[in-house]
Amino acid sequence: MNALKDKLPPLGTLGPVIALLMACAFFATQSDRFLTGQNLSLVLQQVMVVGVIAIGQTLIILTAGIDLSCGMVMALGSVVMTKFATELGMPPALAVLCGIAVTTLFGLANGLLVTRIKLPPFIVTLGTLNIAFAITQLYSQSQTITDLPELMTGLGNTFTIGGTEVAWGVVAMLGLYLVAWFALRETARGRHVYAVGNSPEATRLTGIPTQRILLGVYVLAGFFYGIAALLSVARTGVGDPNAGQTENLDAITAVVLGGTSLFGGRGVILGSLVGALIVGVFRNGLTLMGVSSVYQILVTGILVILAVAADQLSHKASR
Amino acid sequence: MNALKDKLPPLGTLGPVIALLMACAFFATQSDRFLTGQNLSLVLQQVMVVGVIAIGQTLIILTAGIDLSCGMVMALGSVVMTKFATELGMPPALAVLCGIAVTTLFGLANGLLVTRIKLPPFIVTLGTLNIAFAITQLYSQSQTITDLPELMTGLGNTFTIGGTEVAWGVVAMLGLYLVAWFALRETARGRHVYAVGNSPEATRLTGIPTQRILLGVYVLAGFFYGIAALLSVARTGVGDPNAGQTENLDAITAVVLGGTSLFGGRGVILGSLVGALIVGVFRNGLTLMGVSSVYQILVTGILVILAVAADQLSHKASR
Amino acid sequence: MTASSNTAPLVLQAKGLVKRYGQVTALDGADFELRAGEILAVIGDNGAGKSSLIKALSGAVVPDEGEILLDGQPIHFRSPIDARRAGIETVYQDLAVAPAMTIAENLFLGRELRRPGFMGNVLRMLDKKEMLAQSIARMNDLKVGIRSMTQPVETLSGGQRQCVAVARAAAFAQHVVIMDEPTAALGVKEGNMVLELIRRVRDKGLPVVLISHNMPHVFEVADRIHVARLGKRAAVLNPKKISMSDTVAVMTGAMRAEDIPADCLA
Amino acid sequence: MTASSNTAPLVLQAKGLVKRYGQVTALDGADFELRAGEILAVIGDNGAGKSSLIKALSGAVVPDEGEILLDGQPIHFRSPIDARRAGIETVYQDLAVAPAMTIAENLFLGRELRRPGFMGNVLRMLDKKEMLAQSIARMNDLKVGIRSMTQPVETLSGGQRQCVAVARAAAFAQHVVIMDEPTAALGVKEGNMVLELIRRVRDKGLPVVLISHNMPHVFEVADRIHVARLGKRAAVLNPKKISMSDTVAVMTGAMRAEDIPADCLA
Amino acid sequence: AGEPVIGLITKTETNPFFVKMKEGAAEAAKAKGAKLLTGAGKADGDNAGQVTAMENMIAAGAKTILITPSDSKAIVPAIKKARDKGVLVIALDSPTDPVDGTDALFATDNYKAGVLIGQYAKATMAGKPAKIATLDLLPGHPVGAQRHNGFLQGYGLQSLDAKSNELAKPAEVVCMADSFGDQAKGQTAMENCLQKNPDINVVYTINEPAAAGAYNALKKAGKDKSVLIVSVDGGCQGIKDTAAGKIAATSQQYPLKMAAMGVDAGVEYAKSGKKPSGYTDTGVTLIAAKAVAGVDSKDTTVGTQLCWGKK
C-alpha cells in the first residue's frame, strides 16, 4: 500500500470539531462576551474570505497538490473587479464576473502547467504567486481602489435573524461549502478527485481521465478564489492590492487543521471550514480575554499543537 | 508501488544545475559586472544563511516532512547567542553554543511531537513557528542586538583567493554541504533517511528504528538552524529579531528547485545549494540589470516556472 | 463448452510490439492473437514481458513500435480510457485499486451509477445504495468472506484485495477481459472461484486473456497458451495436446520452438 | 534430509494470540509452534489470519492478547527491530521494499556493510562495492535475470521484486526465516529456485515458516502443515500422510478437525 | 469593570517602532487606569488582519481604537462601521485617506521626514553630482512611497507628491531595491546595488535597520567613508549609529508620544464623551551628527534624549 500516507495520521472526521468545541468552551469560561450570537457572527464574517479560499485549496490538496498562489490570485481578482467597476465604469455584476474570470484563468494556468508540463504544484504556484502579486501591484499602481458601487459590497451587508446579525457573505460561504461537500461526496466527479489524490496511477488505469480532473480542480479553485475576492471586497469595502498576503498559509492551515492529508486523497471538506473557524475563534477569543498580541501568537502556537495532539491521543486511546 | 510519488516528476539531478547555468549565462549577457569573481562571491555570501537552513530543511523533506519553523528558530538562535554574549557577558564561543543549543532543542521538540504523538510535521512546525517567533520578540523586546564581540562575527570576514574575496561563512556552508552530502550518500544512516521517506512502513519492517531516525533528522535540522543563526549574525553584525521571516519559504523553495521531492525519499542535497543559488542569482542579476522590484517579482515568477519547465521538457525529449 | 478453433475470428491482435524502458527492452517485437470466445493463457518467466504486453494492449503504456488491431482494425490506445471505451477491461498485476476508498467505490470507480430522475440527472447524485447492493452480489460470486463493502480497500488482506480487482473487471467488460495474475494471492477456494468466473465470462462470449504462473490453473481453463520469452512470443501451444512439463520446457527455453511437435501448436 | 520430528525442540511458539482491527478480529486465539530444523507451511483461506499471525510473530504488529515464546522463553516484540535482533527474518506479503532505492540497497537495508579501516570505522563509509558483489551473488542464487543491481526496485517486474525480498531474508537470517507467500508472483523456474533456497536454509539448520496458497509447493517442501482458519489454528497436518484434497477440505472447513485421521496429524 | 477599554492596533508585531508605541500606550493606560488591548496585522500591509483585530476589540468592549493604518484607504470602510457604533477611532503615525476617515490623527508626516533628509543630503553633497541608491520598504507600501518621494523632493529631484504610492525614479537614482526594513535584506540590496554601480555616493534607506545593513555592505566594499547614508525613524539604535557616523542624518519620529496622546484621548472620551478632532502633528526632527549650513538639524545628544527604543 501507499505507506507514505500511513505516516500522516488521519485526523478523524470528528477530531477538528471536538477541537473547535473545546476551544469555544474554554473561551466561554474566560469571557461572557464570547458566546453571544453577535460575537459568533463576527467570527464567521472574519473567516469568510479564508473559508472560501480554503474550499479551493482543499480541492487541490485532495489531489495531493498545493496552491501557494491562492491569496495573491484573490487579491488580483479583487483589484480587477473593483477597478473595472470604478475606472472603466462597468456595471458591477459584469465587473465582478471579469474579476472571477481572471482568477479562474490563473487557476487554468496553474492547472495546465501541472497537467501538461507535469511541473510540481509547489513550483507552479510559487511562480504564479509572484506573477499575480506583481500584476496586482502594477495594475493597481499599488493604490487601494475605493468608492465602489453599493452593489459590489452587498455581500458584506447583514440581515438579522433572531436578534443576531448575519452577513450575506457568510451565507454565501456556507452555501458554497454545502455545494462542495455534496459534490465531493455524492457525485462521481467528486469521488474521482479523491481517487486521483489517493492513487493517481490506479485511477488512470481504471480509465478515469485523471489529467482532466486535475485541470478541473485547479480551474475550480481559481473560480473559488474569485468568489473569495468578491467577499473580501464586500467585507472591506475596497479593492486592496495588498490583500491576500497571509491567506496562503492561513488557508493551508485551515485545510490541514480540518483533517485533510497533505498527501492527498483523504479528508472532508467541511473540516476545512472547521479549521478556519478554529483559527478565527482563537484570534477572537484571545482578544476578548485581553491577551496582548505577542502572547496571542505564542498561545496560538501552543494551542494549535495541543488541539491536534488531543485529537491524536484520543484516537490512540480508542484504538 | 507508491503511485503518489510518480506524480512528482523526479527533476533529474542535473536539471537544477542546467537551470542555474542558463540563468547565469542570461545575466552575463545582460550585465558585464555579473560574471566577475567578486560578484559571484557576493551571491554566495547572500545565500549562505538560506543555504545552511536548506540543509536542515532538505533532511526533513527527504523524510516526507516539512519544517515551517526554520526561519523563526534561526532568528531565536541569533537573538539568544547575541544577547548572551552582550548582556550576560558570556564568552562568545559559549554564547554561540547556547544559541545552537536552543535551536537544537526546538528541533528536538519538533521531532518529539512528530515521532511520539505522531502529529503531522506541517502542524507541529506551524505551532513552533509561532512559538519561536513570540519568544524571540519577547526575549529581545523586538530590539536589535548590537555591539557584538569581534569573535562572533568572524565568519563574516573574508580572505582573498586569486583576487577574489571569499567569506569564511561561505566556506563553512560549502563544508557543511559536503559533509551532509557525504553522510547521506555514503553512510548507512544517510541511506536510512532516504528509506524512511521513500517507504516508512517497509523501512520499519526491515528493522530500522524509523522513529529514532526521524527524531534525529529534526534534531539535526535544529542544529543546522543554529549554525545558520551564527552565519546570519556574522553576516549582519547584529542579532536581529526580525530575521528569518522569509527564510521559511525561501528554504523550501531552494530545496524543491533543487529537485528534492516534497513526498520524500528522492533528491540530492547538493541540489538544494543549487536551488538557493538560483534564487540568489536571480535577485542579484535582476538588480544588476536595473529591473525595478515589482518587475523583479514578476520576472522571478516567470523564470522559476521556466527553469523547471525547461528541465522537465528536456527530460521528456530524452526519454 | 470450450469454443475457439483456429478459425475463430481474431478479436485482438498485435504485431511486432516493441517497448523499451531506458536500457531495458521489455518487449522486443512481440506478436499476439486473441480469438473470439477463447481463454488465452499467457505464461512466461519473470520479466519475460507479459505485463508489458498487456499494458500495451490495454493502453496503460504506449508501445514504441508495432501495431495493435481490434476486430481487424488498426487502433491506437493513447490511454486506458481509449481501451475502456473499446470495451477492454483489465486487472493489472499491481492491482490498481485506490487504497483509501471503499470496496464499493473501487468496484464502480469510473463507472459510478447515478440515481434515477432529478437527483441523478440534474444533481448528478450517486446511487450509493444500488452500487452497494451490486457490490455485494459481485463479491459474493467470488465467495470471499468480506464483512463490509464500505471498508477501505487498504484494510483488506492481500487476496481479498485481488478479488476486488477481479470482480471489477469481470463485471464491466464488454469486449475483452485481460487479467494479469489474478489468482496469485488467492487461496485454493478463492482461486477456483476466479477460474470459474473466467469460464463464465468466456461463456458469455467474451474472450479472456489470463496471465498466470500457476500451471494447473492454466491447463484447467486455457483454450490456447501463449508463451512469452525474452520480450517475444516463443510459441502458442494447445493445452489439450502438450504436456505440462513440455510447456515449462518451452517457457524456460529448454525446448526450442522448432522442436515442438506440430500438433501441439495452436 | 527432512529433519524435525514431533520431539524436536520448539523454537518459536505462540499461545492464544488475539489481534483485532476495529470490528474485525484477524486473530482469534491462534496457537503456533515451530520446531527446530523444520519447514512449517502455513495455509488457509484468504483472510484466515495468516499474515496477521506472522506479523505478530515478527514484531510488525503487537497482539492484543496471547503470548509468544522464543526457545521456550516468553518474549515481547514491540517492533520488528526486536524480532530482527532475535535473528528472525521475514518476507512480508506486501514485500516491504523501498521502491526508489536500488536492489543492492534494499538487500542490505538496515545491515549495511562498512568499509574496513579508517574509512569505515571513523567516517562510517559504506562498502558499496562489496555490497554490490554480494548482491549479485545472492540474486544469482535465485537465477533471476536482473541486469543491474543498481536499478531502483520500482523498475522491476512483480516477480523480480519478490525475489529481492526473498533473497534478503534468506541471506541474513540467524534463527528463523518467515516467508509470506514468497512464490506468489514467481514463474515456474523462479518458484522452484525459491523452494530450493528454502530447503537450503533449512539444511543450514534454520527453521522456516512458509505461507503459501500453492499446494504443490507446500507438499513439495513442508515437514508439517499449519492450517489457519477463521483466525485460529484448525489443525497441524503431516504432508506425508494426508492427501492434498483432504488438506484443502480441512482448510475450507469441509472436513472438521475431529474427522482427520489421527496419523495424519503432525 | 468600569475602566475604559482602549484598543491599539499596530501594523506589525515586530517593528521596534510599534513595540515602543505599545509600551508607551501601556504605560499611559496604567497611569490613567484604562485597560489596553493590543493587536496587529500579520505583516505590513495586512489590512484584513487589522479589520479583524478592530472588530474583536470592539466585541471585547473597546470604546476607543487607536490604529496605525497599514493601508490608508482600505481601512476606511471598517473604521466607518466602528464609528457608526459610537467608537472613537484615532489614527496614529499615519493618516487614513481621506484624513477625516478617523476622528483624529496623531501622526508624523512621513513625506516631510523624507524631505528633511533629502535637503540634508543635498546640502552635504554641496553640488557634487549625486548617484543615489534607495533601499525602499516593499512594493506597494504607502509609507515607503512617502518617505522615498519626500527624500527626492527634498533633494530637489523630480518626484511625486505625498499621495502617490508609486516610487519616483529620476535619473540620479541609479539603483532601487527593497529592503523590507530588515537589516539582512538591506545589506543584500546594498551589495547588489554596489555591484550595479560602484559609484553610488548617496544612500537613502527606509529605516535604520536597513541603513545599518547598507553600512555593513559599504564597509565591506571599503566605501563606508565616502558614501552618505540618510534614514528615517530616530530609534535609539539609529541615533547611536548616527553618532558613530554610520548614518549621516535621520528624521526622528515619536511613537511614545503618539500612543500616550491616544490613550489620554480615549480615557477622556470615556469620562466626558468628548472626542478629539483634527490632525495633531507629533513632529519630526532632523538629527545629524554634523550640521550643514542651510538645513536645520539637532545633534545626536538631543536625538538620544528623545529617541525611542533601548537607550
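We call the chains A, B, C, D and E, going by the order they appear; numbering starts again at 1 in every chain.
Convention: a residue touches a chain if its C-beta (ideal position, glycine included) is under 8 Å from a C-beta of that chain, and two chains touch if they have at least 3 such contacts.
Keep in mind the model is a prediction, meaning the values are calculated, not measured.
Asks: State the smallest step count from chain A to chain E, taking one step as a move to a touching chain.
Replies: 1
Asks: Please strip out chain B, keep the others put, and tell me the connected groups that result.
Replies: Components, chain B removed in thought: just one piece.
Asks: If you average the Cα atoms per chain, which one ends up farthest from chain B?
Replies: C
Asks: Find the chain most remote from chain D, comparing centres computed as mean CA coordinates.
Replies: Relative to chain D, the chain with the farthest C-alpha centre is E.
Asks: Note whether the interface between chain C and chain D is symmetric in residue numbering, meaning over half of all numbers used appear on both sides, and answer same or different.
Replies: same
Asks: Using mean CA coordinates as chain centres, what's the chain B-chain E distance in Å?
Replies: 32
Asks: What whole-Å value do you get for the distance between chain C and chain E if each is reduced to the mean of its CA atoms?
Replies: Spacing between the chain centres: roughly 73 Å.
Asks: Suppose each chain is reduced to the average of its Cα coordinates; what separation in Å results between chain B and chain D?
Replies: Here the centre of chain D sits 44 Å away from the centre of chain B.
Asks: Report the inter-chain centroid distance for chain C and chain D in whole angstrom, where each centroid is the mean of the CA atoms.
Replies: Whole-Å distance between the two chain centres: 29.
Asks: Considering chain B alone, which of its residues make contact with at least two other chains?
Replies: Residues 1-2, 5, 137, 199, 201-202, 294, 297.
Asks: What are the residue numbers in chain C that touch two or more other chains?
Replies: 94 - these are the residues of chain C that touch more than one other chain.
Asks: Residue numbers in chain E touching 2 or more other chains?
Replies: If we look for residues of chain E contacting two or more partner chains, we find 13, 139-140.
Asks: Could you run through all the chain pairs that touch each other?
Replies: All chain pairs meeting the touch criterion are A-B, A-C, A-E, B-D, B-E, C-D.
Asks: Chain C touches which residues of chain D in the complex?
Replies: Within the complex, chain D touches chain C at residues 21-24, 43-48, 51, 93-94, 144-147, 155-160, 163, 181, 184-191, 213-216, 248, 251-252.
Asks: In the complex of these two chains, what residues of chain B are touching chain A?
Replies: 1-9, 11, 64, 66, 68, 113, 117-120, 122-124, 126-131, 133-135, 137-138, 199-202, 249, 252-253, 256-257, 261-264, 294-295, 297-298, 300-302, 304-305, 308-309, 312-313
Asks: Which residues, counting only chain B, touch chain E once they are in their complex?
Replies: 31, 33, 38-39, 42, 45-46, 49, 137, 141-144, 146, 158, 232, 235-238, 240-243, 245-246, 283-284, 287-288, 290, 292-294, 297
Asks: In their shared complex, at which residues does chain E touch chain B?
Replies: Its residues touching chain B are 13-16, 19, 136, 138-140, 167, 169, 175-178, 180-185, 187-189, 191-193, 195-196, 209, 212-213, 216, 220, 237, 240, 309-310.
Asks: Which chain C residues qualify as touching chain A in the complex?
Replies: Counting only chain C, the residues touching chain A are 60, 79-81, 83-85, 90, 92, 95-101, 105, 109-110, 112, 114, 123-126, 128, 154, 168.
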